[in-house]
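You will see subunit A twice below: alongside subunit B first, and alongside subunit C after that.
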Partner chain A sequence: MIRYTLRRLTLLIVTLWLLTVFLFSLNYFFPGDALTNMTGIRASDTLAYQQAFAARDFDASIFSQYLNFLGHFTQGDWGQSLTNQRNVFGELLPLLGGTLELALLAMIFAMALGAPMGVYAAGQQRGSMDRLIMGISLSAYSIPVFWLAQLLILLFAVKLGWTPISGQINPLFDVEVNSGSIILDILVSDNPYKTAALLDAINHLWLPVIVLAIMPATMLMRTTRNSMLEVLQQNYIRAARARGLSESRILLRHVLPNTMQPVVRQLGLMFSVLMSNIIVTEVIFNWPGLGSWLVKSIYERDYPVMQGGLFAFATLILLVNVCVELFHAWRYPQVRKELYAER
Partner chain B sequence: MSIWRLWLLTPIITLAACSPNPDDVPPLRNGIVYCSEGNPESFNPQLGTSGTTIDATSAQLYDRLLDYDDAQQKFRPALAESWQALDQGKRYRFMLRPNVNFHSAPWFTPSRHFNADDVVFSFKRWLEESHPYHEVNGGNYPFFTASGLNRLITDVVAVNATTVDFYLKRSDSSFLANLATDFAIILSAEYGAELLARGEPDLIDKQPIGTGPFVFEEFRKDLIIRYHRHDDYWRDPARIEQLVYSITQNANKRMLKLITGECDVIPYPLVEELAELDTGDEIQISSTVNPNIAFWAFNTDHPPFDNVLVRRALASAVNREAIIQTIYNGNARLATGVLPETSWAYSPVDQTYGYDPERAQALLAAAGFEEGFEFDIWAMPVQRAYNPNAQKMAELIQSDLAQIGVRANIVSYEWNAFRRRLARDEHDSVLIGWIADNADPDNFFRPLLSCAALNVGTNRANWCEPEFDQLLMQAISEPETDSRKKLYQEIENWIYREAPLVPIANSMRFQAHRSDIHGVEVPAYGGVNFRHAYRASSTDTGEQP
Partner chain C sequence: MSILDIRNLTIELETENGPVRVLDRFNLQLAEGEIHTLVGESGSGKSLLAKAILGFINPRWKITADRLWWRHYDLLALNNAQRRIVTGRDMAMIFQDPSTYLDPNDKVGAQLRETIPVGDLTGIYLKRRADRQTRAERLLHRVGIKDTKEVMESYPHELSEGLAQKISIAMAIAHNPKLLIADEPTTAMEPNTRSQIYRLLAKLSGGQGMSILMITQDLTAVVPESQHISLIYCGQLMESGPTEQVMQSPLHPYTEAMLSMSLFSQNKAPQTRLPTLSGAIPTLQHMPIGCRLGPRCPYARSACVVKPELARKQQQDYSCHYPLWEDPEHD
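Right after this comes the complex of A and B.
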């Protein structure tokens, strides 16, 4: 396990390092002045530009420029926005909180919905419910998220009037932004109307969470179903049945744990899909998160912000994938054996 | 399966049931959400001309020396209690109001009331290039440059704490009108000095301090601007405690948010869907006759638009009636000249080219373009009060021009890039417009077509004709209204002959609001004002303090 962990971590570090090389070279590939792209300081602001030029070793070779860039980058100096001159790293943190809140809730919802449905469908194999669930899951899987979001907005917000359609909370609740996750921010705030604010926030939250959760949920449903059908045909299940164990005991003790093995492996992939959907969802729901921030920066050609957003997204996806792999290998030793072909 | 189904629906139903009732929660009851169409460029209207910035700042954060009353068409005292013209109109003396408080905010606590130093500070900031704040945050003051105010005022002198004298180069009948615009706001000199001492002068336009009815609290780009009430306001304090601008750039989204109740007031609702909106009694539409003009300007520096025959030909080739019907759904008037009907100098004589493709072809032939030519039409990517859909308008013009053999390409960029490139004169022609800042007809001509406006980026036609400029100057130094009216007719006729731009339409400015919101004012000249706005409670119809 230690060897495996080390290997994964080394891979992670190497990938992150390559990412910084890529980000650094982007400064030169983007149109305009490389130093401006990197720091967000325009040449017209002569004094600040000269200071940045010196601080960033811009008269030295590309290689030492990169080292310098890496130094600034690891210290959280990601430059300032070209449009509003705000510190990119400082702006990013609360947005990351907003994105994580949405992603985590969607992930939990998808698991709570997808896994049981998959188990249920497998139990009813070839039955009408199985076909129905699989049919729904396949069609839900093929609906692009931007369209789904619009449909649900039309239904729940415009026709039924159950929910608002944008932002984290009614802006009249003056909740100070700390973590960026609205639920946490309300809980730590000293707002006198905490309960009302919390209800309002949840009311803003559930629709984007559902929109986001649908695609991973359908993926989970099908993976769980297929994996469970496979497990059900294993000899040890037959043996358990032959020994007269009760069906529920077989299901809980033998089928489910083994079913979850390929499902856990899929979680990393699901998270990546979720991340690409979250960009669209955040834009549609005006959610103050990394995704809408990144898209906006692309529209505005705000290169320092673009780099920050790209790095944050890529790192998030990498980290989650590595964590999932490590958990998978720790929880299911047979996987490690396969990996090393241990005897 | 029934269990599954129930389980799926529970969270949705529980959540939908728990949205708080606005009447029970004081912040929701005592606040208004205005869904604005974009980010303000700064929090100081002196620095820009964009309507978005004006809407977000002027009437909320600041006051002017005097206000203009649309209804009675006269000036009203504001920070100046009274004023008089001296030395044959070359000196104006303003007597200032005592006991006016500046905002107290976490970043600044005023130690004194408003006085003459603040007036001098606010005007000299853009007037004097040597002023320590002149270059701060760009150093461009487009309104003052375009209106010529920076060349008209020679000095601003504080006679004593409550008296200020303005010295003018010559008498100018539009001077008071310009001081009453949303741009001529009063900043705090004390705050300016404090920031300078702290070495952070640029904060003056980012964490603003003014005397207005609302105090700035926070701004998150693309998300919100939050203001709260200024309790020590010198007039009656605002009726709402909190005012939030929720920035919603997409017009469809704005309308949806109004329907779901997330917005209380929205500007620029989509004209095509207006009728649909009006049906519900939850939402009301108000319109103000807006002194504006949508026009199509030719860049007279770019050939072939340096040729007046070509400009006249294109002006005759466009079916403007069709544009009014298609783009504005009839909610606009066909422009008869540059001045809209709301101006006192307006005359009903039509000073535009009618739709006449044959004449257009003849003119083109005379100019040597029998075969036609190819050029770009730049169409704004955003809606403005004067033009709800420039892209569609460009398409209509494109097809009209195709009939006389002229090929037009439609070009558009993101709004800020669009304006930047326009200022660099990269365009052949552009569909844009103008909203008057004050009641004086001069505001339609000098900012749009004078040589002085070339450098500030409001003269989209790149039109500079010294004799025409002279006529403009003559019109503003003339004190008699009747003679001025004649001069403006002459100016209109000049524009008709030379056709640097094609006036298209004068539209109304629309605004939609929830029916429980009252008192939101959109003056004809200037930005939206929330000082008298309030939300009528559904439980008690009595008015909130």
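Right after this comes the complex of A and C.
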């Protein structure tokens, strides 16, 4: 396991390093001045520009420029925004919190919905409930997220009026932004209307969470069902039955753990899908997160912000994938062997 | 006195082309503590017989028999639940590819512990757990595994096939069955491991009076401890009798052919073709009438289109119109 962990971490570090090379080269490919793209300081601000020129080694070779960039980058100096001159790295952290809040809640909701439905469908194999669940999951999987979001807003926010159309919380509550996650921020704040603020936040939150969760939930449903049907055919399950173990013990101890093995492996992939959906969802719901920030920076041609957003998304997906793989290998030991062909 | 008594067991499968007899009036008697080897090629119905005995029956099979008795139970008269109780208590089975019968994501020790019948345990919670553990260790000792700790902490993929088979045997004998059915237990194993498994089975049978029905593909795998042997071809019993006697003086042409096909039979000139029966095993839909060996039998005559009745000569049962001792014209 230690060897496996080290291998994964090495891969992670190498990938992140390649990502910095890519980001560095972007500064030269983007239109305009490379130094401005990198730091967000315009040439018209002569004094600051000259200082940055010296500090970033722009008179030296491109190689030293990269090393210098790497030094600044790892210290959290990601330049300033071209539009509002704010520090990119400082801007990014609370937005990351907002995105993570949405993503985690959606993942949890998807798992709580998808896995049990898949298990249930497998139990009713070829029955009417199985067909119904699989049919719903296929149609839900085929709906693009931007359309689904609009439809649900139209239904729940406009027609029924159960929930606000967009945003994170009613601005009247005036919650101080710390972590970016609205629920955490309310809980740590000394706001006198904590409970009301929390309810309002949840009221804003549930619709985007559902929109985001639907696609991963349908993926989970199908994977869980197919995996469970396969496990039920296995010799060790039949042998356990023949030995007279109780059905509940066979299910909890042998069927479900083996069913979840391919499902866990898919979680990383599902998170990547979720991340691309979250960008659209954040824009539609006007949610202060990385996604809407990134899209806005693209509209405004704010290159330093674009780089920061790209790096944050890529790192997040990589980290989650590595964590999922490590968990998978820890929980299902034969995976480690397969990796080295040590059988 | 036989504990397993099968007379004229017939299994018919419903197919699109009408019923197919996969087991045709099959007979088998098994005494207590005896090892009985059942030899048959693939598709001969031997695994089906095992399933019929254990009661793993597909509702589309039609099973009829004059007798299918286990000890004093008439297995065909019991309903499924009663039958599962009887067979679950008294019988166990081991298979080929033993590692696929172990949960790949559970430690061997845990799987072994859960097979120990709850009724055997004493004490309350903690003591019960300790009891379970010692019983599991004792089971491993019985199948000849000394390194119990390491084996119990392993996952199935870390074990060799031989070791996995030993663990299957340990699980099978956990509730002291009276009958163990071993379905080609050593396929794809090294000769060394193979003989280890056979020795272990023979020891278990001798030590605890457990009967073993050993199912195998070829005569070379018949262990010396096996008292009786039966040969089955396409669902029909060809010959059955004491092992020595059958091997020394076969009465049925099929037995003779199987013996001469064996790589270890004597009188073979180097670099000559090995003898085989002409033709191939017929498919399920195209079973010959009468004696199913007929089209491939070197001694077949017109009488062979009628299935021969089982005859007996000095404890040796055979099903042939022209057994080898009767006809001096045979060479």
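In the analysis below, the second predicted complex is superposed on the first by the 342 of 343 C-alpha atoms of A that agree within 3 Å, B and C clash if a C-alpha of one lies under 4 Å from a C-alpha of the other, contacts with A are read in each partner's own complex, and residues count from 1 in each chain.
As a working rule, a contact is a pair of C-beta atoms (placed from the backbone, for glycine too) under 8 Å apart; a residue touches a chain by one contact, two chains touch by 3 or more.
The structure presented is a predicted model; accordingly, all values stated were derived computationally and were not measured.
The superposition on subunit A brings subunit B alongside subunit C with room for both. Within the superposed three-chain model, A:173 lies in touch with subunit B and out of touch with subunit C [touch as defined at top].
Figure note: vertex subunit A, arms to subunit B and subunit C, all at CA centres after fitting on chain A; angle 160 degrees, rounded to a multiple of 10.
Legend: residue contacts after superposition of the two complexes on their common chain; A:257 is shown touching subunit C, with no touch to subunit B.
After overlaying the two complexes on the shared chain, residue contacts for A:244 are found with subunit C alone; subunit B is out of touch. In the superposed model, A:153 lies in contact with subunit B only, and not with subunit C. In the superposed model, B is the one of subunit B and subunit C that contacts more residues of subunit A.
Looking at the shared chain after the overlay, A:7 reaches neither subunit B nor subunit C.
Applying the stated contact rule after C-alpha superposition, one finds that A:236 touches subunit C and leaves subunit B untouched. Of the two partner chains placed around the shared chain by superposition, subunit B is the only one that A:162 touches, whereas subunit C remains out of contact. This overlay, made by fitting chain A, leaves subunit B and subunit C with a least C-alpha separation of 29 Å. Common to the subunit B-facing and subunit C-facing surfaces of subunit A is no residue whatsoever. Across the interface of their complex, subunit A is touched by residues 54, 56, 84, 88, 93, 95, 97, 100-106, 114-115, 155, 157-158, 171, 174 of subunit C. Subunit A meets subunit B in the complex at residues 83-84, 86, 113, 117, 120, 129, 153, 156-158, 160-167, 170-174, 177, 193, 196, 199-200, 202-203, 206, 210, 286, 288, 292, 296, 299-301. Of all residues in subunit B, only 1, 4, 8, 11-12, 15-16, 18-20, 24-28, 31, 33, 217, 220-224, 226, 242, 244, 246, 248, 253, 256-257, 259-262, 414, 416-417 touch subunit A in the complex they form. If you check the complex, the residues on subunit A that touch subunit C are 234-236, 239-240, 242-245, 249, 253-254, 257-258, 261, 331-334, 337, 343.
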